[in-house]
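Next, two complexes with subunit A in common: one pairs it with subunit B, the other with subunit C.
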Partner chain A sequence: MSPWLRKTEWHAVASWTWDAQDETCGICRMPFDGCCPDCKLPGDDCPLIWGACNHSFHLHCILKWVNSQTSQAHCPMCRREWQFKE
Partner chain B sequence: MTTSSPSTRKGLTKIATNRLQKEFMEWQTNPPGGFNHRVSDNLQRWIIEVNGAPGTLYANETYQLQVEFPEHYPMEAPQVIFQQPAPLHPHIYSNGHICLDVLYDSWSPAMRLSSICLSILSMLSSSAVKQRPKDNDHYLKNCKNGRSPKETRWRFHDDKV
Partner chain C sequence: MEFLGASECNLGILETLSDDTIQEITESYDGFFTTVESIVAGTGDSSVEKEFASHVYSLCKHGLDSLVRDHFLRSLEQAFEKRGASSFWHHFDAYSDKNHPSYGEEIKEVLCKALEEISIEKQYHEKCLSVVVHALQSFKDQSPEARLNSDVERVQLFSRFRSMLSSTLMTTLPQHFPEILHWYFKEKLEELSAIMDEDDTQERESDCMDLDEKLRSKNGEMDVDEGFSRHDDLVKNIGKVVRDLRSIGFTSMAENAYASAIFLLLKAKVHELAGDDYRTSVLGSIKEWIQTVPLQFLNALLSYLGDSVSYGTTSSGLTSPLACCPTPSFSKVVTPSEGIVRWKLRLEYFAYETLQDLRIAKLFEIIVDYPESSSAIEDLKQCLEYTGQHSKLVESFISSLKYRLLTAGASTNDILHQYVSTIKALRAIDPAGVFLEAVGEPIRDYLRGRKDTIKCIVTMLTDGSGGNANGSGNPGDSLLEELMRDDESQENVGFDDDFHTDDKQAWINASRWEPDPVEADPLKGSLSQRKVDILGMLVDIIGSKEQLVNEYRVMLAEKLLNKIDYDIDTEIRTVELLKIHFGEASMQRCEIMLNDLIDSKRVNTNIKKASSQTGAELGENELSVDNLTSTILSTNFWPPIQDEPLELPGPIDKLLSDYANRYHEIKTPRKLLWKKNLGTVKLELQFEDRAMQFTVSPTHAAIIMQFQEKKSWTSIDLAAAIGIPIEALNRRVNFWISKGVLRESTGTVSNANVYTLVESITDSGKNESEELLAGDEESERSIASVEDQLRKEMTIYEKFIMGMLTNFGNMALERIHNTLKMFCVADPSYDKSLQQLQSFLSGLVSEEKLEFREGMYLLKK
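This part shows the complex of A and B:
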């Protein structure tokens, strides 16, 4: 190290993204790196969820859709029966 | 000071407002071909102009679609009807109601108004005859007092037009 410079402190910076195929939620159309319109902060409080068909949505968005259906709900993207991925 | 009374129609949820603002922006910059959005400040009720596609029975004809978005859009489909006069078509009733599955049972929250519009244009374009549905009079009798087409139990049986 140069005699003129000495490190006294350092700050670690990290970033994260969800590992989803799409960049936006097909239901609310908000980016997955953000949160659904009902939340303020992305991350653990507004998680993503995957279906058995591998399509992903904000948990809050897909729950609103599933709960609004009187019979079996279908995936909004591929119309297969919606099952949460195990 | 008095405040204005709230509208009788139920307001939109946050997710509905958010999505409609996005769809509105998309319509401003990139509307689906053959459609014009008549500008208004009402996010919940849109009037859309439809131009019949060239080379089809509806070429050079213009119709108006009236679109009402429900409180819980997009978990619920918008209500889409033709204003008078509705195009003469085997799946369009004279009161403007449209027999089209994506408006009712086959709606998905991943669809948007522009995808519905394209379905309607394709339905018009593939028509070979200009006539009303066979049960038009019967349907109108059961549909008095401006009932919404969303209350109708639709049967979808013709996938050609």
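This part shows the complex of A and C:
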């Protein structure tokens, strides 16, 4: 910085994103950057989770889905056996 | 012969009479005439009266008693006309062409003297009349069958005499006499009022004295007695005039005169007490004045005249009527007579109506001063409860609103503030809001036609700084805060009421229940349930709470984006208040926005911590992470944000990407996307002779930072370097030129502008280290306004609306709305509210595409 510009205080604005392949959750159809129908606050409170198949969902949505299945759960998108990504 | 004409009914008798009899009658007749003349003229002595009596006797004997009466009365009448009436009126000749202000003091004496004279004259005539009564009586006394009627004779004759007397006076009444009477009473009452005022002041002064002095003055008791006896004398004086007027048959004229004088005085008193000060209640003093001046006067007058003497202890009749006169202190228990009660009601009604009219005429000003003017409002409320003339208020106030407030010159803010004050003030008068409904309607209609109404309402509700200029709350309070406090205090009052309620009170409340007045809209709930709800009435203007919340969200977004210190206490409080009124669900998005700020602060701290641990050395031209803070948005919940590309200077860009990387480390797999044109930059520039501080937008900062490398830029190169259109650059560069930091010159290459850094700005005359904010023009707003959003959404309907108007000529708002609903059912279907359509149409009107005339929209030709 040249001595001519003596001080800079920058307050910037950004938005956050989950960086998922899709825009919306395949279960609840809500945007990933929003939150699932059961949550009020997006972000940390309503995280995303990836499956081994690389499909992502709201954590709360896929948990509900997995619990609702009587036998082994499958990915709602690709029908492969559901495994949480390591 | 005169008597033939006078009593034709006796003609039949004449034929049966003997000559002797006729002779006797003729003689008595002549003698009667002569004696009457001297009796009336007052020249006769007792022998004449005796002779007169014998003639009367003789005439009566022949059945000519009616002739005796008629002739005697006519003689009296002639004499009265000549001596009594004409000389009575003669007293007032000098005042016939004067106006009452120039009557002068002496006319009071003239009136008294004239009345005294005519009373003496009347007494004299009555004495004469007694002579004839006596004569007729002595004839009747000898005929036994007429004996019982003896008193009837006297009563009848005297009543004929009195009506003769007053009709004589009435037919010769000069036009200006009632005026003189009126003036007399007015003057006397004013005198009386002045005496009472003096007493009042003395009383108040004596209240201020210490006990010793009070005792001393009690021993003397001079002052009070003096005032009191002056009062008595005055009443006696007036009473005598009234009595004399009554005795000459002017009873109702006298009554009218003093009544109109009392009302005039009362009116003047009300005007004097009311004045233009609305901060004090005057109704109490008016009532007190009625009690101490006119009523006390009337009481004294009526008892002097013997019309009404009925006090707690029945008057024995031994004391003089004046002794019953109530003292100014009203310590005695007095049962007022029916006449006085009626007077009291008349006077109070008149006073209430007068004060009410005065206050209604000034209601606009009173409401501007509200709540300082709440005393005047309370007075008006009581007046209206008494007179029931609420409709007068509604009419008058609406017309003053239309004339003074609902005009192009008044700002929307002023109108809204007056609207809120009106609600508050009228709520005090009319808790059910029945008349408020009627008064508020034109204001609401007018406001709905203004484009900035929603914005102003939301600002007024949520912003403490610009908000209530005349509110009762603490300065800096928003209207919402104030409403909240009102609600709380009202609830407390309700609790207290319940606490003290007993069965008796419950019964009183129940018996006071009244059905809703007809003015009330039956759809709006019953009187007992309905409570005037200021917020509801404001929402009613906007159309729906959703629109209000939407507008607030945009304002909140704008505010939050300009925060650099994460201090959002005020906003949290406001959102909490809005949640109470509009429900948690409506405020969900606002809450997420607030939460973003809270999260951003936390994340910012964590990132700083993480980077200080790594302790990496800063290279040349590198900025420390301490120079950067950020606000991180959950964009889905924010209103649309205007995102424009912007190339930032290398060191800043590096700083941002480092910051983003750290974010990703902390919040994996979440990532940051910078909105580079948004934010706030504080710069301090060092010139040869001084340092200057600026607070500007990132675009402004990016521009000026380019001058670190090169002292001079053409506009084309500069625009390319920071990646914005050249028009946008030129607009922003103006800021730096206006601050004297850059200088503009025309370059050599194809008339492109050249901007050069001014390294010494001694000549600019700017203050040192002044903090300047970049121009906050409409075009630089980062959040799309609700209007803009709506405009974007509505544009597809614009063609349709234009087509409709081309076909139909002109259409009212509702018809356009219904037509759109009917035909635009798909892709996208029309889902806007009436208010949204109205706001869109008023936009088209201001763009001069449409015209709005007499409630109809039409194409602008």
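Simple rule for what comes next: the second predicted complex is superposed on the first by the 76 of 86 C-alpha atoms of A that agree within 3 Å, B and C clash if a C-alpha of one lies under 4 Å from a C-alpha of the other, contacts with A are read in each partner's own complex, and residues count from 1 in each chain.
One rule holds for everything that comes next: a residue touches a chain if its C-beta (ideal position, glycine included) is under 8 Å from a C-beta of that chain, and two chains touch if they have at least 3 such contacts.
Source: prediction; values computed, not measured.
> Looking at subunit A, does subunit B or subunit C touch a larger number of its residues?
Partner touching more subunit A residues in the overlay: C.
> With both complexes superposed on chain A, which partner does A:74 reach: first (subunit B), second (subunit C), both or neither?
first
> Classify the contacts of A:48 with the two partner chains as first (subunit B alone), second (subunit C alone), both, or neither.
Once the two structures are laid over each other on A, A:48 reaches subunit C alone.
> Looking at the overlay, what does A:64 touch: subunit B (first), subunit C (second), both, or neither?
After superposing on A, A:64 lies in contact with subunit B but is clear of subunit C.
> Which of the two partners, first being subunit B and second being subunit C, lies in contact with A:6: first, second, both, or neither?
So A:6 only meets subunit C here.
> Which residues of subunit B touch subunit A in the complex?
So the residues of subunit B touching subunit A come out as 14-15, 17-19, 22, 72, 74-76, 108-110.
> Touching subunit A in the complex: which residues of subunit C?
Interface residues on the subunit C side: 561, 564, 588, 591-592, 595, 599, 621, 623, 627-637, 651-652, 655-656, 659-660, 663, 667, 669-676, 678-687, 691, 698, 701, 705, 708.
> Which of the residues in subunit A come into contact with subunit C in the complex?
Within the complex, subunit A touches subunit C at residues 1-19, 31, 33-34, 40-44, 48.
> Provide the residue numbers of subunit A that touch subunit B in the complex, in ascending order.
26-30, 36-38, 61, 64-65, 68, 74, 76-77, 79
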